[in-house]
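Multiple structures follow.
Same chain, two partners: chain A is paired with chain B first, then with chain C.
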Partner chain A sequence: MNQKYLIPLTAVFLLFLIAYTGVEGAGLQWFFGIVFPYVAIIAFLAGFVYKVLGWASSAVPFRIPTTCGQQKSLPWIKQNTIDNPDTSTGVFVRMILEIFLFRSLFRNTKAAFNRNVSNRLSYSWEIFLWIGALAFHYSFLVVVLRHFRFFTSPVPSCITMLEYIDGIVQLGLPGIFLSGVVLLAAALFLLARRIFDTKVTYISQAADYFPLFLIIGIAATGLAMRYFTKVDIIGIKTLTMGLATFSPTIPEGVGGLFYAHLFLVSILFAYFPASKLMHMGGIFLSPTRNMANNTRAKRHVNPWNYDVKTHTYEEYEDHFREKMIEAGLPVDKPLDKKE
Partner chain B sequence: MSDEIKPDELLDKIDYGPRSGSGPESESDNWMDTTASVQIRPGMYCYAAKAESVETLSLPNARPWNPLEDDWKLPDNWQEILHQGIKERLEKFRTFKVFMDICVRCGACADKCHFFLGTGDPKNMPVLRAELLRSVYRNDFTTAGKILQKIPGGQKLNGARPLTLDVLKEWWYYFFQCTECRRCSVFCPYGIDTAEITIMGRELLNLIGLNIDWIATPVSNCFQTGNHLGIQPHAFKDMLDFFVEDIEDVTGVDCTPQINKKGADILFITPSGDVFADPGTYTCEGYMILFKYLKDKYGLDVTWSTYASEGGNFGFFTSHETMKRLNAKMYAEAKRLGVKWIMGGECGHMWRVINQYMDTMNGPADFLEEPVNPITGTKFENAKSTKMVHITEFTADLIKHGKLELDKSRNGNRIMTFHDSCNPARGMGLLDEPRYIIENCCDEFYEMPPNTIRELTFCCGSGAGLNAGENIELRMAGGLPRANAVKYVHEKFGVNTLGTICAIDRAALPTLCEYWVPEVEVYGIHELVGNALIMPGEKKRTEDLRFEPLPGVEAEEEEDE
Partner chain C sequence: MNKSYIITGLVIFVLAVLSPFWFNMITDTQAAPEPELLGKAKTEKKCVLEKYEMRANHMSLLDEWRDSVVRNADRQYKAANGHSFNMSLSTGENSCLGCHEDKAKFCDSCHTYASVDPYCWECHTNPKEIE
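And then the complex of A and B:
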């Protein structure tokens, strides 16, 4: 067994137990229901802003996009305006496709080497990481948006509409929300990849397993509350609305499972800015994707550009003048008579 | 070299499952535990920079040292220097800072690197190459890292480690096993560019004098004599004169170039490798034939320079500052000679520097004119600020306007494929211009498989200063994916010629082809142009620029008999 995932797994279990027993045993509803969620949200917002401002404060000295298609060149050569944009419109489209459709990941291939007569290296399209990633992120987004029903009163119609679409597959009672199930399945897929693909196992850190286990824990507790155990939904909404309106109260009759769920969510928020999850903000700031490939047409200025010592032509000619004259090369200054 | 590893031995080593490999790796789950076991292995590393080469540019810690010895003769405070160096670069380069923070280790890049594909060494997975640096970043520059290192086991949990001598040696070994080709960055969902990480890594290593000689000596030469190979001005002229004789033998036309001529229309700069060694020399002859043709037909005045006699820039593989110091010559010389604009020859990293750095570093080039092709009237809109045009853009424009008389049949025995060089492909997007020229100079042209060309092209395995002799195993392994695709079209279509627009390629690919696909020759694109171009007053050509009989010539002679 591998401690890189055993420790995060244990950590998530412990976090669950801390909240569950803290509420059921020690009656610490006020801490897990009010204090910690607020602390987590503050940590999230402050951390996120701090991190993004930190990136933004670093200079962008050079325009170095990764070009993935034909450049803008002669008028009769067809430019790839998206993968090698020279305008901000092109960059915008490229970024939209990256952010919403994970375009680069879509290109993913899998290499194989056949040690036989042909000794051929082959590359096949590998779509599963892209599908898994899209399923994971979009289901997570829908789940997050659906939860706004707990923080708004009356619930906006767009949230109701989203719930309607999410529950379009009518199975059982209460009706299944696709997003929650897909989220759990996608997170398990991403986890399985880390455990069973030897290359990915090799590169994975505890910091890769922890958020996955955390999200699996969140999804599992959420699903359990909705489909398997009875929770006091009115009580929960009283609590969440109290948080949203800054007049927090602890309602009676809400069980430890809910507080455990809320605690894991709070942990996720607090952990977010200090972790790789910040790729959510970073993707917008990646200079290889968000810049146009037009440095030859439009000068880019480096804010910290400084003068350097070069070897000037004068120094060069001084060094080689005699040889240059002998070879019949033109020189700027005639040979010094004294020498 | 007789002790060179055989192709079959090299292929036997390839295994993409990291844990199934032998050695201490398999005993630990954590790659960081294996640091101490990193062995700098002959065949995989380049010799250390010579002290005198480091001194030329007054770069730090010039001294003789040997990577195989325990003592690298570092300054006492090397950790502090690197710490400060990282700190400074995090502020100066948003790329660096963002790329240190946002990798999710999804593994999409893992099997995209030619060095990983050729060696199976898991530390050649791009993500891991970056993690070598990130692990130290996490330890020393993040809040979480600073807290966790106080808790027992916390460091390991965080994937963090202090900057020890073993870590440093691992950096050195693996940052000089990356050719900055950017193929991995094409696949990264956040655009994390390992080239950028390697550039930072090497820049840091240079702060304490840890360069390789195959970079440091060319840099030193380029700074003083104007080119990487240290060709002095009179020798440079001699070499071009030598080509003049050869061209005259083949074509009957005197193509004597103009050198250091003030008031010429265009300054032409190409890598010195084109002047120095086959088969680049034939490409160089191609340029000379083209310029002679344009001079005679249209009165275009092109000059070469001995001061700016290097298109390439090994400073790029040293540090941003060194890159700037070498690159400055191009504009300085254009200004001194009073030309209208600059044209650049076929080279890879040279064009990444020109396209993405030159104007920013050494511009604005307001003493030059916005480049216009005086023969066709075409404005090179894409180069209006940098004022430097790629020769394939220029030649493609001439061909499109019917300004060149080309006899394709002279390249009739060339069954072509085209290798996109990494830097023009992924740092510029110059893809269709050379193809258009090939199609107008040759009849038979076959593309390699789609996953190995254009923006997905594979590196020659010897770029970014790694084209030395002592690291031949690394080069042949790294070049395997490229050679494998060449072999595929060789077997399928009978391809016998690999076209390229990079001087490093012209130096590296012949060795690579000889190793993996011996029947394929390497050609620069302007060698094809030089063969096909019908010059005013030329004699009946019977040989190509390599003094090989032209297709059909032998048969005709037999008929005469």
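And then the complex of A and C:
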């Protein structure tokens, strides 16, 4: 047991209970269903914009060529144009692959002692972080996009299409959506990795566990509502459409579990800009990924250099020419003939 | 990274996050369907489950009914209110559609609104549609 994950776990439980009891006991539907979601979305957008503008206005470091391939060199040496690009096209491809396929995680290695007599420390490729991250991020994306059915009426056909593909296995009634199950499984895997891999436990802080528990809580309440306890979906859509059209209403017959789900989502949104989750915006600004390695081909002048007051040799000689000649020192320009 | 790219990206992101709001402003938003009891259901006033439970749970109930009929040949459902119902979606007077006569209003209006596409009708037919 470790405080670093017990405290976030307790916090998520408490947040769940606050919303659940607040609705079931105190009848605070208007707060958890209307006020807090609006506050959260404002906090999310304002915080996100503030953070990114802060990054945008800070100094861009000199191009850091931490690359994974041969840089542009002599014509007969083959360049790795994606891993070590010298053009903006190459950088664009590298960024696209980083954002959509997480290539940095693909290169993840682990250090371990050999399980034989030699007992040597060796590094090996560890692909499961990459697989877990891909499963997590893509299923989360699909889940978020699927929720557009609660904010649009009529629902656009692209969302219907997505639901069709997501529900293609037609298991049970209501039919299972693969993305929800994969999301929960992947989040649990990423959590297990932090808890059971001692080297990862060592570098994990409460701020690493909290978003994981929060997302697990959101996925669990969502799945519980859809597959187990069941909710009045028309009532819920009345509420969400009310939020989207700025005419909020509180429907009858919707229980605390829905408000707890909504509250956890609102907490995630409000917490987002202050947390590590800002890598969503930050990945675009990764200095080692988004700059071409052309430091030898192009001169990069420090943009905030001030004008240094210089005194060149010519100026020096102009100043002291007569004295230099008197002292017998050689001069570049002879003394002007005075008329 | 170039500042103008960052601002462009940020504007796109903010617009994407706010899409539920502006999407409903630029398109005609359909109001929530008003469930109404028609025909026989209007006079009978007794259903298999209580109203909100029925709204939330009817799909599970139908799933259980399907298993019960197909696997155990048990077609009678004794409801909590004491009435007995025929476990059937569309066959006979005592089935779901036997009482709630208008499929478009009883099933489709809410399903379309919530973007639910149940596969009931891949096997069952709406009795009204049979000539």
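Note that in this section the second predicted complex is superposed on the first by the 294 of 339 C-alpha atoms of A that agree within 3 Å, B and C clash if a C-alpha of one lies under 4 Å from a C-alpha of the other, contacts with A are read in each partner's own complex, and residues count from 1 in each chain.
Here is the rule we use: contacts are C-beta pairs under 8 Å (C-beta built on N, C-alpha and C of every residue); 3 or more make two chains touch, one makes a residue touch a chain.
Computed from a predicted model, the values in this text were never measured in an experiment.
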item: Contacts of A:Gly54 with chain B and chain C, given as first, second, both or neither; value: first
item: Chain B versus chain C as contact partner of A:Thr21, first or second or both or neither; value: neither
item: Which of chain B and chain C A:Lys78 touches, first, second, both or neither; value: first
item: Touching partner for A:Thr10 - first (chain B), second (chain C), both, neither; value: neither
item: Touched partner set for A:Asn114, first chain B, second chain C, both or neither; value: neither
item: First, second, both or neither for A:Met278, with chain B first and chain C second; value: first
item: Touching partner for A:Thr87 - first (chain B), second (chain C), both, neither; value: neither
item: Partner contacting more residues of chain A (chain B vs chain C); value: B
item: Shared chain A surface residues [contacts with chain B and with chain C]; value: 55-56, 60, 285
item: Residue ranges of chain A touching chain B (in the complex, touch as defined); value: 2-4, 7, 51, 54-64, 66-78, 80, 83-84, 86, 98, 102, 104-105, 107-113, 115, 119-121, 123, 129, 133, 193, 197-208, 274-276, 278-279, 282-283, 285-289, 293-302, 304-305, 308-313, 316-317, 319-320, 323-324, 326-330, 332
item: List of chain A residues in touch with chain C within their complex; value: 41, 44-45, 48-49, 52-53, 55-56, 60, 148-149, 151-155, 159-160, 163-164, 170, 172-175, 230-235, 237-238, 241, 243-246, 252-253, 281, 284-285, 290-291
item: Touching residues (chain side chain B, partner chain A) in the complex; value: 11-12, 14, 16-20, 29-31, 58, 90-99, 101-108, 110-112, 117, 122, 125, 127-128, 131, 142-144, 157-159, 182, 185-193, 196, 223-226, 232-234, 237-238, 259-262, 306-307, 320-321, 324-325, 328-329, 332-333, 336, 354-357, 359-361, 363-364, 378, 380-386, 388, 393, 396-397, 400, 425-433, 436, 449, 451-452, 454-455, 480-481, 484-485, 488
item: Interfacial residue positions of chain C with respect to chain A in the complex; value: 1, 3, 6-7, 9-10, 13-14, 17-18, 20-21, 23-24, 27, 29-33, 35, 51-52, 55-57, 59-60, 62-63, 110, 112-119
